[in-house]
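Next come the structures, one after another.
Next, two complexes with chain A in common: one pairs it with chain B, the other with chain C.
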Partner chain A sequence: MSPPVVEARGVTRTFPMPAGPVVAVRDLSVTIATGEFVSICGPSGCGKSTLLHILGCVDTPSSGELLVDGRDVSTLGDAARSALRLSKIGFVFQRFFLLPMLTAAENVELPQAEAGVSRAERRSRTSALLDYVGLAHRTHHRPSQLSGGEAQRVAIARALANRPRLLLADEPTGELDQATGQQIVGLFERVHADGTTVVVVTHDPAIAARTPRMLSMRDGRIEDGASR
Partner chain B sequence: MSILSALFLFATGAVPPPAPPPPDPPAILVSRQLLASEHLALGDVIALSGDPKGSRAREFRIAGVYEPVPDPARLGMVPLEARLHLSDLLALIADPADPAASESVRSIGVKLVSPAEASAFMRDLTVRVPGLLLRELAASDDSDVTFVVLDRFHLAISLVTVIASSIFLLALMVMLVDERRDTVAVLRLIGLRRRRIFIQVLAEGLVIALAGALFGVLLAVVLEGGFNRFFQWRYDTALVFVRVTPAIAARAVSVAVPLGILASVAASWGLLRRGAMALARR
Partner chain C sequence: MSAKVWAFALRSLARQPGRAILGILGVAAVGALLFDMLLLSRGLLVSFRALLDSAGFDVRVMAADAPALARPRIAEAETAAAAIRALPDVDEVASLRLGNAIVTGPDGGTHDIFFIGADAQTRRRPWILLEGRDLGASDTGGPPPLVVNRRLATTLRLRPGSELTLRGDCARGVASAAPPVRFRVAGFAAFPFDDPKAMTAAARLADFGRTCGLDEKSDADLFLVASREGRGPEAAVRAIRALRLDLHAFSNEEIVARFQQVGFSYFRQISAVLSTITLFFGFLLITVLLTVSVNQRFAEIAALRALGFTRRRVVLDVLAQAVLLVGAGGVLSLPLGLALARWLESILHAMPEIPAAMHFFAFEPRALATHALLLALTAVLAALYPMRLVSRLPIAATLRSEMVT
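The block that comes next holds the complex of A and B.
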């Protein structure tokens, strides 16, 4: 049996503030198994995005352990965490975060180029990914020429570029209308069905309801981690 | 009387000699400016006097025109000059009441190619021409020479300009880098290392600084001709006001490029040392 993709053990994240430290995540333990599709939901400020950033090795816990593929990464330096993100973790954000000066294809190629994938392989993989997200006809369009839904699809294709084990999405439908949001959730379902572990942060109960497992957070803690 | 004279001449069989042609006036050269201001022409005969009242004027023929040696110390003064042979000059200005006026010399200044040999030169001259009073004049202190002062003034201006433009450049780079905050955030979130982005920014800074420096040199070279022509026209001089030499261009590039790189490094470091999520949040 393969180890969990990511496991947090007693993780706490405190932000020092002028008015006193703010605890965003408190002594939280959670395990995301390979192949899961998990949603994290809760009210604003409950710590769900902070948890996602810790799981994605963007942020480091103030205390506790974080294991990715069974390896403790909570004490890794910035360069090692960057390398880990590049190879094993894909990110999708509410604001898409595509590079405006690059075309859709170039945005998808970027992480592959950084990972040292050959040019021919990059092109082939990029073409396949854009086709996968239904944007084969938008290959050479820049982000400003894409709709919100299309831009988010390109962001998903970019997140999948280096075949990550874990795909993390932070409010991926937050800037989209309901119909487009549903299409994006459908795309996540397809990515999950194809074998990638997916964790989505959302405050939309309708989206959370479509995931097999939902983690409900409040005040930096998981209240309920039910699987359905 | 005329009959007698004619008879006398006839009797002697002599013919009165023709009157000798007047002597050709000595040749002089006049400056281009003098020629133009007095509407003179080559071959014209003019009268010159050493006395402002015009007494004892002598005639000279203009044999040529010359461009006076440009003298920055006389900028703005129109050089209305003439060049005479030394003997003509002496004849023109010598005091007729002083019989030795054209034959005596009170002092002669000698400038040596190697000032260090002044003592040896004086010893040698004393031996050869006894009775001469020789005095060595120390080389003037450069600090009070007008153009040395001007040079220092230029240096001060250039230092102030470099410092002010560096501050401006740094502020500009900070703004430019901040505009790319989202881009840096994306690159960091994707997994690009700080060092990788830093090198990228450094390379960009180098290219921009080089391009800027070369553009500046090119602009200076293009403007050089225009500046010189304008001021030469304005002051009617052959002085060169602006000169961009390879050494000056090299110095400008060697100052501008490190400054440009330094500004881009300082500006980007402020961004790169922050966490990826801190960059992504607005």
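The block that comes next holds the complex of A and C.
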């Protein structure tokens, strides 16, 4: 059996603040197995984003262990962590963060170029991905020429560019209307069905309800980790 | 840095073309000033040296180590010149007398001109013959020969063969009692130290003396000495100093070195200070532009980092942007600097007593290299602060704060 995609063991994240340290994630353990589709929900400030950032190796826990593909990543330097993110983890943000000066296709090509994928391969992979997210007709559009839902779909294509094992999304529908949000969730379901492990942070119960496993957080802890 | 870093930096800059153009123009202006400063600090030396060398004499001998106006004359000049000429390290000695004369123009107006008396025996001449004949050593009958510069020729409508009358004005402001002397124009010549408005004429020493009412053999203002080939000016200077302790001999090299040390060193210092200030403005401009741009892109940079861009990669992006801005501005600054140098040169040449052959701005490949080096240094220094901002950017906190705001 392959190891879990990512596993947190007794992870705590505190932020030193003038008025005393803020504990965003408190002695938390969670395992995300290969092929899961997990949602993390909970009230604002309960530590959802912090946990997602730790799972995605953009933040380091103050204590505890994080294993990606069975390997402890807490000792990795910046270059190794970046390489790990580049090849194994895809990020989708609430505000898309597409580069405005690049076209949809160029945005999707960017992580591939960074990973050293050849131009020809980049081209074909990019058009396949844009086709996959239903935006083949928007290839040469800039982010400013796209709707919010289209931009988020480009961002998902970009996150999938280097065939990551794990796709992380923080409030991916936060900027979108209900219907568009549902379409995006549909896209995540498809990505999951095609074999990628997906973790979505959301405060929308309707979205959480569509994921096979829901983690409910409160005060930096997971309240209820049961899969439904 | 790889091609993709450059390409990406270029796209980032092109995103705000107004800002990029502002940066490039700013660097172009700063670079042009810097370039001119570099040309200027060398130009005077280079062209002063060229002027000294132009006539082919490489040693100058004077009676005292003093500025021309305050300098006594060399007494017993003919004897002294003969003794120097006899030195094995010396090839030629030209005795020179400097004075003024008054001529009357075709319209009846009088003109004050520079009047030079020179040895007619030498092969080299302290002027360059342009047209007609030079002063001959032997008399051909008729009025004595005179070479004049173009400006004098034009003003007095002279041609080779024309005649004109000179009244000597040689004792520094005191008009000589000698009667006017009629000369025939042998040819036109360029005098290296002429300023563009100068009217200059040169005659043989004997005729100069006659015009000024002086004894021909009495004294000289200056000896121009050419060292013998293979011996070099230093040997000639040593020999002359050994021969006549009372005379002061200097090679052209020494004269330039002194010029560089004394008057010119202040000039260099001023130019160094101005260059530094200029570069500092370029540095500020680029630092501010890049810092503002980086600040606006924090969230985007954090997102790129989350996607797998290394810290090194995003830091290099800032450096590449700085280099592109400064590089483009630097390239633009060269034609701009050259045009500015020309313009300034024309202003400076409007000053009296500046030899037309003297250039304030002289182009040397060295100036170009220094220019490129200083601008490159500025680009790197200007990028340091925004590079530091980017390298310290916390990914998670930045992504989060972007959600909050």
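Throughout what follows, the second predicted complex is superposed on the first by the 228 of 228 C-alpha atoms of A that agree within 3 Å, B and C clash if a C-alpha of one lies under 4 Å from a C-alpha of the other, contacts with A are read in each partner's own complex, and residues count from 1 in each chain.
In this text, a contact is a pair of C-beta atoms (placed from the backbone, for glycine too) under 8 Å apart; a residue touches a chain by one contact, two chains touch by 3 or more.
Just so we're clear, the structure is a prediction, and the values are computed from it rather than from any experiment.
Trainee: Using the superposition on chain A, tell me whether chain B and chain C clash or fit.
Mentor: clash
Trainee: If you stack the two complexes on chain A, which partner ends up touching A:Q94: first (chain B), second (chain C), both, or neither?
Mentor: Once the two structures are laid over each other on A, A:Q94 reaches chain C alone.
Trainee: Under the stated touch criterion, name the partner, chain B or chain C, that contacts more residues in chain A.
Mentor: Counted on chain A, the partner with more touching residues turns out to be C.
Trainee: After superposition on the shared chain, which partner residues are touched by A:T103: those of chain B (first), chain C (second), both, or neither?
Mentor: neither
Trainee: Once the structures are superposed on A, label A:A83 by its partner contacts, choosing first (chain B), second (chain C), both or neither.
Mentor: both
Trainee: Go through the superposed model and pick first if A:A113 touches only chain B, second if only chain C, both, or neither.
Mentor: In the superposition, A:A113 contacts chain C only.
Trainee: Could you say whether A:T126 touches chain B, chain C, both of them, or neither, answering first, second, both or neither?
Mentor: A:T126 sits against neither chain B nor chain C.
Trainee: Given 43-51, 79-87 or 331-339, which one is the stretch of chain C whose C-alpha atoms run into chain B?
Mentor: With the two structures superposed, the offending stretch of chain C is 331-339.
Trainee: Identify the overlap between the chain B-contacting and the chain C-contacting residues of chain A.
Mentor: 53, 58-59, 78-79, 82-87, 89, 91, 93, 97, 99-100, 110-111, 114, 158
Trainee: In their complex, what parts of chain B are in touch with chain A?
Mentor: Those residues of chain B that touch chain A are 182-183, 185-186, 188-196, 275-277, 280.
Trainee: Going by the contact rule at the top, pick out the chain A residues touching chain C in the complex.
Mentor: Contacts found on chain A: 49-50, 53, 56, 58-59, 78-79, 82-87, 89-91, 93-95, 97, 99-102, 110-111, 113-115, 158-159, 162, 170-171.
Trainee: In their shared complex, at which residues does chain A touch chain B?
Mentor: It is residues 53, 58-59, 78-79, 82-87, 89, 91, 93, 97-100, 110-111, 114, 158 of chain A that touch chain B.
Trainee: Taking the complex as given, what residues does chain C use to touch chain A?
Mentor: 4, 11-12, 14-15, 299-300, 303-313, 395-396, 399-400, 402-403
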